[in-house]
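First chain written, first letter: the chains are A, B, C, D and E, and each begins at residue 1.
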Amino acid sequence: MYNGGKIIIGLIIFIALVTFPFYTNMGKTSEQPAALTSSPDDPHIGGLKIGQMRSEHMKILDQWRDEVVRGGERFITFDGDQYEKSLQIGCLGCHAKQEFCDKCHSYAGVKPYCWDCHFAEGEGQL
Amino acid sequence: MAIKPKPNELLSAINYAPPQKQWMDNPVEFKKGYYCYGAKPKNLEYIGFPNGREWNSADQDWKLVDNWKEIFLEGMENLLKKFRSFRLFMDICVRCGACADKCHFFIGTGDPKNMPVLRAELLRSIYRRYFTVAGKLGKIAGARDLTEDVFKEIWYYYYQCTECRRCSVFCPYGIDQAEITMMGRELINLLGCCTDWISGPLANCYRTGNHLGLQPHTIKSNFDYMLDDLEEHTGVRVEPTFNRKGAEILFVTPSADFFAEPGVFTCMGYLLLFHYLGLDYTWSTYASEGGNFGFFTSNEMMKRLNSKIYAESKRLGVKWILGGECGHMWRVLHQYMDTMNGPADHLEAPVSPFTGTKFENAKSTKMVHISEFTADLIKHGKLKLDKSRNDNLNVTFHDSCNTSRGMGIFEEPRYIINSVCNHFHEMPDSTTRENTFCCGSGSGLNAGEIEELRMLGGLPRANAVKYVKEKHGVNMLSCICAIDRAVLPPLIDYWMPDVGVCGVSELLGNALIMPGEKERENNLRGEPLPGMEEKGEEE
Amino acid sequence: MGMIFSLIAVIVLVAVAFVGTQLHLSGLFGVAIPYLAFLVFIAGFVRKVIKWGQSPVPFHIPTTCGQQKSLPWIKQSKLDNPSTTLQVIGRMALEVLLFRSLFRNIKTHRTDGGPVYGSNKWLWLGGLAFHVTFFVVFIRHLRFFTEPVPAWVNMLDAVDGFVQVGVPHMLITGVVLLAAATYLLLRRIFNSQVQYISLAADYFPLFLIIGIALTGILMRYFIKVDIVKVKELTMGLATFKATVPDGIGSIFFIHLFLISVLFAYFPFSKLMHLAGVFMSPTRNLANNSRAVRHINPWNPKVHLHTYEEYEDEFREVMKSEGIPVEKE
Amino acid sequence: MKISVLLSEKKREIAKTWFDLIVETYPQDTANFLKTQKNRFGNPVGHTISEGIEVVLEELSGEMDFARISKYLDNIIRIRAIQDFTPSQAVGFIFLLKKVIREELFNEIHANHLFDELLVIESKIDQLANISFDMYIACREKIYKLKANELRNRTSRILKMSNMFKEAEVEEKDTAGF
Amino acid sequence: MKIDRRKFLKMAGFTGIGLGLSAADIFVKDTAEASSGHSAVSTAAVRHAMVIDVRKFKTPEDYQKITEACHSIHNVPTLIPEKGNIRHEIKWIWNVPYGQAFPDQVNHYHPEAFKQKQFPLLCNHCDHPPCVRVCPTKATFKRPDGIVQQDMHRCIGCRFCMAACPFGARSFNFVDPRPFIPARNSEYPTRTMGVVEKCTFCSERLERGLQPACVEASNGAMAFGNLNDPESEVRKILKTSFSLQRKPELGTMPSVFYVIGGEEYAG
């Protein structure tokens, strides 16, 4: 091969780049967030089944946001009880942010900007 | 409605628009005036090229040898192994079309197979068919069988490329059709299908050292004749030497400069300059050709012709070599000579004897371009010049393809022109420097039988000249290329008469105030200098 | 013809993946094919580059696009006509990162004051947008192949989505990629010159990439899939502990299959320009061939017409004209 | 209503149809290219044609300034003379204008009884054709002269040296002025 | 790294376009209103309004407790103007002397003590709010009940509304407010750097059937209710006491009324 040195260096760099996922994860076992505990077919506040919430919750939150802020429709009734359409008061009222939200988000590399304004009790206090 | 004609009732004969097909389905149609005559066997034989025979490119039967296909494909495989450029350029073209409208032949003829990308595809389709896996799928993979028609198509279009490299400038991967054309022509030569216009000069040059086959005594007496003219115009007798051992410098220029007009006037410019300087130099009758038709033929032939320059410099014991104004000669000298025939250890790194300037950029090849040499002299104030002698000229400068895109000599000649002329006008931006348009006749295409093709190929260049002629009254097109000097005059004569063509050194020769000169009344062409017109008439 | 063929080919590929998942062949489409495609990609890529490397660069043939380095007082165009390795690196960087040559593209415009050459940068813009966004999209996908996701990948995602439009926030690169690929495709179809030179091999990768971008965008915004399960699968691939979690939608497998096809197709196609651009001898050489001798490894031995032969033939006439000769 | 008025009113349509017809005399691949790019440096052929026919139409409906027409016609013929057309094909594009005018203006001519004027226009077109033939021949002669000159120029010094050249030079100066 | 998209959009020339459009918008609407007369009053069923009886504000604590009630509930940061850039201050309710609150009503012969009197100011929730007209993203809008509401999610921080508001009721978050919030109320969100904020008439409290926080904390010095209901408390007060609106000549028709009294200063 001619100019072999340069070509091989180039190839090594190239292969190093494209195989990045393999060697960074070498020997690691990836740990995914815990599976759902409740039945995915059970209904959840907001009109979706629990099984759908993982992929669709952001849509519901977005919809709620408009309804509350722009429409002044703050409450939703589910299973006879009234809930507030609120990330901070509603969702985090039942689910713990760090356990419930952050695990999946950081696993999937999702950084929602909700937390720039909304926060869980006690979180980030200086 | 009686007089309303039916469609195409008038002149229906000339409406031969075929239904739109893929390019592979449109067989080549040889147009008169667009292709050269075939090589004569005796010329091929002289230079040891295979498969020479009596044949006519206009005939249906080219009398190819029986195993021509094997020869072609074997040759191709061989070239793929020898040239990374070839293999790469066969593989990586994405057909983005950036080069398509950059070729002067495409612009001039409108023939889509003259788009550089498609000219390359003619050969790529063969490459795919025989050298890639996907190519076995055939047409859908852009591959096709090598047939006699396909070979003729390659031949037809590979002699409609002047290897000017303009496409290469715009290609995102630097794919250079000139390189591919060179490969194509190597293959063509394996089958003895060189053109007459190339093979004749090749044989001549190989034997006598120059294209026209001028023998040493003819060169000498030709010079004498030129020196008489010079003496008549300037009152100075110049005494060049030939094949003189012990000279400091060997001067090599295209032979056209000493036997063709207007090249001779450029040559007079060199002679005056060297005489003015008292340069210790010599001409050579053995290496009397800078131009290298091998460049249009095969790398081996290029080497064989080129070898004479170093050989002669060694024999004569010169220190370094100076080269005249020529386009593809300089492409060869700049990019090939040292590799092919070097190292030139018998020479010294060039130093100007008058300014002491070391030509660092030529320290290995040891060959300096006359424009570099002259610009350096002018910059150091070594030349007494009278610019006004060129006042009757509105000059523009045509960058020659090879020195532009295979070397990059732009400022040197412009500096000289601006030092010897008062009226200099550039052609439009995108037609000069690295974007320059070819004269349309380079790389062995200045054959008389393709005058029509050359006129069309040169149309983009002519248009730009026309533009400055109309805008600035330009009446002189200067250049640093012998092919330009040979082919631009007819081109310009056809499209817009009354613009002359000259070498930069001719302008220099006019302006140079020679020691001991008589009152100069004429320029080097024997035409009256500005302010001397009446005197000329009185005589 | 090439266009229709390529379009059908991509549609068939989509159908194959869809049918495959319906037949519960997710192990094949989620694990076996991606691994195989990647392997073919790497091996084919290396093989091709080595093949190129096996051919030498016999001559020093840079295309010079600016003033050469000559006399010290003449300003050299260092990036368009480099004379040192560093300058070559500069030229290559401009070429690879900013598509310098395409940026030169020109076209004539007719004005009332006469015709003028103007720049024609659409191809440059479209090409650059396409490649840059494709690269960013490629890098962004590292979030599926790393755990924890490196901060710079998250940052890239944030930069990409910083207009904060839509939920989940729209990523600019995805949209631009699709738009640019569509532009390149339309250009191929409607520009008569480009249409004439286009082969199936030109349409196919475009359709494939448009298909990949479309399925990706569909998956992100419209036909959602469980991203945690997707990552389980991709991390399984990256750690060689392949698993195929249940319940990932077909759209994901179509996306993955098209990518696999692209990877496998890559080394055998014009897409190899990715590597080729670095190896182009008209770009990656310094224009210093008169200062430094370039070596041709196969410099042929050729038959020469020597001076001696020449003098033997012309000695008499040379002597008669007073031209010095070696042998009297 | 005069036919010249009609001509200038519908100049754009007529020019376009005529241009398309002329372009169709080229092979289709070439024709597509010529149609799409109308500019001087990039596509000198298409540009020259479209520029030339505009002038011809202008003059046809106006003063009929032959000097001006000749200049622009010459530009077109100069190109067609070297494009491997037969003489009739190279010049025949002029007659296409008749067809265009008859087709484009037929209804108006019919309605306004302008057939006699049409005849006048058509004979003007015939005149243009005549001029064009002269131009074509001049161009071809030029080409042959160039071929001869070139051969001579390439060896001019040698020929001069052997004094074979003096008379030929005089002859050249007489005819080179076209 | 936090991406300040608002800043970007501003730079990206949104500003220019928005400014042009909005300016034209104001001009057109103002002209229309001028011709139809400024006296047009909202005819909606509900128009929330507030009456502030300044007479009942006596000690500094009276002022302080309403501000505090508001700011602590809404996570308004305490950026002390002396310590930083004065423009960095975020204020939903604040106090100014009479002359600043009613610059067009100042009379040279007012009692000096009255001139020194502090007036609590807040967003006027105008019936014709100029801030709504200029907002390029419709982040600020007017609710059917008259509250001028701002959707923080949409705010791009262009600050046109601040320029448009004649009452200086809007504040811009030049810095991340979170470190400057003394005690966060986890039932209400904070804001990010780069958005504008202001009083909301406690819309979130109204929806829960509560009075605005300041009203609740004012010990009856402030009243809140439906201006379009003749029986409402605010209407009753306005019927029996002399009241002022700020800058009425601008025609924005504020929904905050001030019962200024003044006789107690007579003397």
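Methods note: a contact is a pair of C-beta atoms (placed from the backbone, for glycine too) under 8 Å apart; a residue touches a chain by one contact, two chains touch by 3 or more.
Owing to the predicted nature of the structure, the values given are computational and were not obtained by experimental measurement.
> Return the chain pair with more inter-chain C-beta contacts, choosing between A-C and B-C.
Comparing A-C with B-C, the pair joined by more C-beta contacts is B-C.
> Can you name the chain whose C-alpha mean lies closest to the mean of all the C-alpha atoms?
Per-chain C-alpha centroids compared to the overall one single out C.
> With chain centres set to the mean of the C-alpha atoms, which chain is at the far end from subunit A?
Relative to subunit A, the chain with the farthest C-alpha centre is D.
> Rounded to the nearest whole Å, what is the centre-to-centre distance of subunit D and subunit E, using the mean of the C-alpha atoms as each centre?
Distance between chain centres, rounded to whole Å: 79 Å.
> So, what's the distance in Å between the C-alpha centres of subunit D and subunit C?
46
> Nearest whole angstrom, what separates the Cα centre of subunit B from the Cα centre of subunit D?
Each chain reduced to its C-alpha mean, subunit B and subunit D end up 32 Å apart.
> So what's the Cα centroid distance for subunit A and subunit E, whole Å?
37
> Could you check subunit D for residues that touch two or more other chains and list them?
29, 32-33, 37, 40-43
> Residues of subunit A touching 2+ other chains?
Within subunit A, residues 2 contact more than one other chain.
> Using the touch definition from the top, which residues of subunit B touch two or more other chains?
If we look for residues of subunit B contacting two or more partner chains, we find 23, 84, 101, 112, 221, 428, 430-431, 467.
> Which part of subunit B faces subunit D closely enough to touch in the complex?
Of all residues in subunit B, those touching subunit D are 1, 3-5, 9-11, 13-20, 23, 26, 29, 31-34, 101, 106-113, 212, 214, 218, 221-222, 225-226, 256, 258-262, 264, 428, 430-431, 446, 448, 451-452, 455-456, 459-460, 463-464, 467, 486-487, 489-490, 493-495, 497.
> If we count contacts the way the header does, which residues on subunit C are in touch with subunit A in the complex?
Residues in contact with subunit A: 41-42, 45-46, 49-50, 52-57, 142-149, 153-154, 157-158, 164, 167-169, 224-228, 231-232, 235-236, 238-241, 275, 278-279, 297.
> Okay, in this complex, where on subunit A does subunit C touch?
Spelled out, the residues of subunit A in touch with subunit C are 1-4, 7, 10-11, 14-15, 18-22, 24-25, 28-33, 54-56, 58-59, 61-62, 104, 106-113.
> Could you pull out which subunit A residues touch subunit E in their complex?
Residues 65, 69-70, 72, 74-75, 88-89, 116-122, 124-126 of subunit A touch subunit E in their complex.
> Using the touch definition up top, name the residues of subunit D that touch subunit B in the complex.
Contacts found on subunit D: 24-34, 37, 40-46, 78-79, 82-85, 88-89, 92, 95-96, 98-99, 102-103, 106, 115, 139, 142-143, 146-147, 149-151, 153-158, 160-161, 176-178.
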